[in-house]
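Common to both upcoming complexes is chain A, partnered first by chain B, then by chain C.
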Partner chain A sequence: MNIHVLDKSIYTAVTEAIRSEATRLLTAGDVTVIVGYAAARRKGSAQPIVITSSADADKLIFTPACVNNLAVYLTKAKKEIPKGGKIGIVVKGCDLKALVGLMGESQLKREELYLIGVPCVGVLASTVQPATELTAETIASKCRECDAHLPSGCDLLPNVVLPPMPQLEGKYSAEIARLEALPPAERWAFWKEQFAKCIKCYACRQVCPFCFCEQCLCDRNKPQMVDTTPRPAGNTAWHIVRAMHLAGRCAGCAECERVCPMDIPLNLLNRKMAKELKELFDYEAGFEVNEKGPLSTYTEKDDQSFIK
Partner chain B sequence: MSRIGVFICHCGENISRTVDVERVASEIGKHPGVAFSTDYKYMCSDPGQTLLKKAIQEQKLTHIVVAACSPRMHEKTFRKAVEAAGLNPFLCEMANIREHCSWVHENREEATLKAIDIVGMMVERVKKNRILPTITVPVTKRSLVIGGGIAGIQAALDIADCGHEVILVEREPSIGGHMAQLSETFPTLDCSQCIMTPKMVDVANHPKIKLYTYSEIELVEGYIGNFQVTIKKKARSVDEDKCTGCGVCMTKCPQKKIPNKFDQNIGMRTAIYVPFPQAVPNTPVIDRENCTWFKTGKCGICQKVCGPGAVDFEQQDRLIVEAVGAIVVATGFDLYSIAEKPKGSPIKGYGEFGHGKIPDVIDGMTFERLASASGPTGGRILRPSDGKEPKQIVFIQCIGSRAREKGISYCSKVCCMYTAKHTMLYHHKVHDGQAYVFFMDARTPGKSYDEFWRRSIEEEEAVYIRGMVSRLYQKGDKIVVMGSDIAVGVQVEIEADMVVLATAVMPQKGADTLAQKLGISYDKYHFYSEAHAKLRPVECATAGIYLAGACQGPKDIPETVSQASAAAAKVMTLFSKDKLEREPIVARVREIGCVGCFACKKVCAYGAIEEKEIRDRQGNLIKVVAYVNPGVCAGCGTCQATCPSKSVELDGYTDEQIVAMIEAL
Partner chain C sequence: MNQTTQHGFEPKIIAFVCTWCTYAGADLAGTSRMQYPANVRVLKFPCTGRIDPVFILKAFQQGADGVLVSGCHPGDCHYIAGNFHARRRFAAFRKLLEFIGVDLSRLQFSWVSAAEGGKWVEVVTDLTEKVRAMGPMVEFKELALEEQWSGVIDTPELKEAYNAI
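Coming up: the complex of A and B.
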């Protein structure tokens, strides 16, 4: 029954390519650090790593467990990577969209980065053990609807051929269609129930590359815009703020959903916003730097049917 | 601890009829922070203001709320009074209990409770008000006038006569505009050229006016008092300093059959030309599209015959940057070309009237050129088709104008009067001819206007037929005009020799592009919008930019000249001070929270947001944040709505103030 098993054989070659490029870059001093993935303690698992010496290059890997969006380590709010030279970073297609978004919002400069692109078949869902085989069942939901298996515009893209990819049914699109078909009251009830679970840990904010504000509006108390305690009104306010602030920006890496301890389908909300943006403004997160996002631009072609 | 004073106005009976003002005063007196509250019949009156000032001093008040009319009405009045009593004027707020309360409600009890809420909100808001210092910006006392028609000429002369330098930019090779094309002018029938050309010469000779003809506005940057304007001076191919205007080049140019736009294309000109003999400057320009030299590289006769050697085929377009403090826009109008439907325009054409197909169906401006002594026929009314004198002439009014079904709903204002004038000019020149006018209404308000119109009927024998024309067609050398006379209720058919259409007055082509460069607003027809239809008719909503003439809406000459002088007066008001004071309602960045995403910069319509580097004492860059230039900021608050971390706020309208108001409810 290996009909569902996905061919991830290219990852060996990708890992090799990342290692040799990292060695070359750090030895030549072309970059001061490289952000990538390394094996973690549990069998098959991976975790982000920041290396500064070519001696550590062999630690770098790429496997189906490399789920994290490393772009978050380059944002001001998280300040993990000290500035001082070019930064090398390993990026999947979805992560690259985030970096491109950050460039469009004056947070990063392309010339300060060395992008090591990863041809990606998919990564594992956060709900399965890291050593699990990558199959049509165990693949992350975001990868089922991925349009960015091959990043473009990188400084290095390992020369491998992507295996034929099976057409997988989109879970987000199916769920969005189901919710859209519901009457507003039931749809509202669904989200109310989801938001009621929130414990306001703000993990979704901390992991999101686009939550780069040094002082989040939700942490301010003059005036108190969003109730700080995990109560229904404040929870809903937070999730609406989050969804609205990500509309027209979200790269779809689904990290928010992965880290949510309460299993709130956060990326479902993000996908819905993305769908609206696509329909209203023909906008999609991509590999091209956009100086002006769809929600900060006015054109005469904009839909005005909401003006009654 | 704030000691807030609240002053409730009766506004005669406007407020007190519906709102129990005494109860509002006593209720609000109990509100925390309110030290004094009272009511008065007319708070804006002299005794009312005295009461306010006295209370500030006697009660040692720190913040003021005046509950009265809309702040648009009297905010300035009360802030001035508060300032006179020694408080910062921005510690005074108005609670609108007239437009927002007494005028829109009938139930006294409910209106009173609402008034208490409105005042309570403003009390909570004023507690959060900060002292705002007045912002001053320098003023460059030079002005730019765009358009060299009568409006631009008048505005330029008025400003220059006050001793300030004026840059006058005209797109065509000569100033003069449409007025220079007219034969006679209503209601006095004085020759347009006779009254226009001296003004044109005054412009050319004025030491304070710098004239750029054959030039266009390329880019406008900056703000009131401090604009930088890039002007594109198109290559004239003739050196203006060397040319003496002798005109030999024009007499020798072999290209003699180019339709002259100034003569509505019925007269011809050469490839090197001045549009009309009285042109200012009297320097020819080479029309490179039609010049043999530029088309084939051969000829060059004009260069050979030019004594001073002024003809320069190598001349290039030049960009010139001028610094000015004020801009007068006077780009004028164009007549709607009715033959064809403009591409992409909601306005439909009048193909059924044969304009463009039947040569003797002309528009009003073409008739002006026929009637003009300096026109292509030397002032004789002759048919373009065969040069015969028309013995029956039909004028049709409201072509385009007031025709909602054709896409234009407005009245072009000048056509009733100029058609009356045309019938007179025709009668003066063709004694045995008969003029007919098809009209909807004759709109003749204005000094001596109705008398003028009556004269065309009673003395000059024009026949006015109330009704519209349904169809025109050529029959032999006649044009059959079929229409209805709704006064009598009969169909009318006239075999005319010539038909003159009073086509709609439209803004100049490209008016929208210029508006976008200037950052001013325009309506759906592309007429420029004034800041207030009644009280600020010559100012744009964008500070430092003023309007004159038909670019703002259809206008006749007297009205255009008045508006041009008014715009000049506004410019002079601006130039009367060395520094410009402006309301300090501007956005301010909270740098500690700003993460430098510049979402604010992307949405700012005024270009007020700049990038500012923050460095430590050693000079290391810490971060780049947004900075609002207070001279440019218009206080619209778009940045505040856009900032994801709420790190930019509009002074006087901070989130804290707004939330305080909501919480007071």
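Coming up: the complex of A and C.
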């Protein structure tokens, strides 16, 4: 037996709790709709589901294959979710951070949501099959550095005890440290190669809960700030703009990296910016709603050592 | 004496300035007949808070060797807090560019008030000389050139196709 297998036994109890709560909420009419996860066709896989009837509550599950950040369905696809009444949503810790960020940006109201929190030991990486055992090798990179196994401030948090989790080496922090130690020219070469792979499918944008602009800067052509063709200059500009627009907002759900068909390490840029904003302005994405993000506020004593 | 003249490298500097302070400061330098390098192209904005980081990217892509962003001193913003917001934004943007591998000495931020014609001359001269010593900025230009056809036509396949016509 592999000693690195992670204990995910609590997910059975979590699934039960989600189902009974969904039944109760939908029967009582406390919520009109619940966004959660259901089993998908491939063995062991899961997909997002929107249910409106308590008869469908048994479809809800939580497994290590429940990788999606459902927060995205409350912004862009909100139009497809029935209006009126509260929305119930199943959230992992990382997803809750995204919801909290959206509340801070006035995209969502807390009183319109019913949060069903998930005590989470981790989900699978996008590179492995959904039926794979959750181990220290197959766990998603974001979960290795997770500090939000227990979402806080939810309306329901299943009463389970988190199993002891091994301290896993952080892949993002290691990679950021490696890149930072390189000379600038080699960093440029690294990113040039990564960005050259981009096919401008904009999956990273579509899946991001924070990319909710009605019209993206990168879709505007008067003036055209970022070339739209999947060529080197436009790709580089797009990824720099994306990282910059998410700086101080990104909740670290790593959905961008998961959906990237070309395997560009997008979350690396987001994590780097998160690290810098922590150092510069002592800001971190968390469970507290902040009306102003670090880049939409200021103090008169901000560092200006780089300004002449 | 058939020596061809070598044109020296003249850096192209783009300056994004705020209209209330630095633009007036540059104007003062001009009306005071102070000399500063003609390498700088001044672009006037309402406020440093209006200067989007994507403008800087665009400048580098379109051939700038150095970029200067300059506005009012903290506390002097015509719009009260535009430069405070800009200060945070550019602090973050610098870190991002550095991580991507851009040499930050090509990107200069400064506060130049309407009375500081001398400081404007100093900032522009310093940046121009620094960039001149560093040579042209090639990274973004190379990317932009790759957007276009490489110009290579003597590939075996093309020759074969040409001969077949």
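One rule holds in what follows: the second predicted complex is superposed on the first by the 300 of 308 C-alpha atoms of A that agree within 3 Å, B and C clash if a C-alpha of one lies under 4 Å from a C-alpha of the other, contacts with A are read in each partner's own complex, and residues count from 1 in each chain.
The criterion applied here is as follows: contacts are C-beta pairs under 8 Å (C-beta built on N, C-alpha and C of every residue); 3 or more make two chains touch, one makes a residue touch a chain.
Bear in mind the structure is a predicted one, so any value in this text is a computation, not a measurement.
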Discussion item. Between chain B and chain C, which one contacts more residues of chain A in the superposed model?
Written reply: C
Worksheet item: Which holds for A:Tyr283: it touches chain B only (first), chain C only (second), both, or neither?
Response: neither
Fill in: chain B versus chain C as contact partner of A:Met225, first or second or both or neither
both
Worksheet item: In the superposed arrangement, which partner chain does A:Tyr37 touch: chain B (first), chain C (second), both, or neither?
Response: neither
Worksheet item: Of the partners chain B and chain C, which touch A:Phe62 in the superposed model: first, second, both, neither?
Response: neither
Worksheet item: So, A:Tyr114: does it touch chain B (first), chain C (second), both, or neither?
Response: neither
Worksheet entry | Partner chain(s) touched by A:Gln215 [first = chain B, second = chain C, both, neither] | first
Practice prompt. Would you check which partner chain A:Tyr73 touches, where first means chain B only, second means chain C only, and both and neither mean what they say?
Written response: neither
Worksheet item: Counting only touches as set out at the top, which of chain B and chain C does A:Ser296 meet: first, second, both, neither?
Response: both
Worksheet item: Just chain B (first), just chain C (second), both, or neither: which does A:Glu105 touch?
Response: first
Worksheet item: Can you list the residues of chain A that touch chain B in one structure and chain C in the other?
Response: 217, 225, 296-297
Response to the item:
In the complex, the residues of chain C that touch chain A are 52-55, 57-58, 61, 74-75, 81, 84-85, 87-103, 108-111, 123, 126, 139-140, 142-144, 146-147
Discussion item. Residue numbers of chain A touching chain C in their complex, please.
Written reply: 179-180, 184-192, 217, 225-227, 229, 231-234, 236-237, 240-241, 243-244, 247-248, 269, 272-273, 276-277, 280-281, 294-300, 302-304, 306-308
Item to complete: Note which residues of chain B are touching chain A in the complex, please.
Response: 592-593, 595-599, 602-603, 623-624, 642, 644-647, 655-656, 659-660
Discussion item. Under the stated contact criterion, what part of chain A meets chain B in this complex?
Written reply: 76-77, 105-107, 212-217, 220, 222-225, 245, 291-293, 296-297
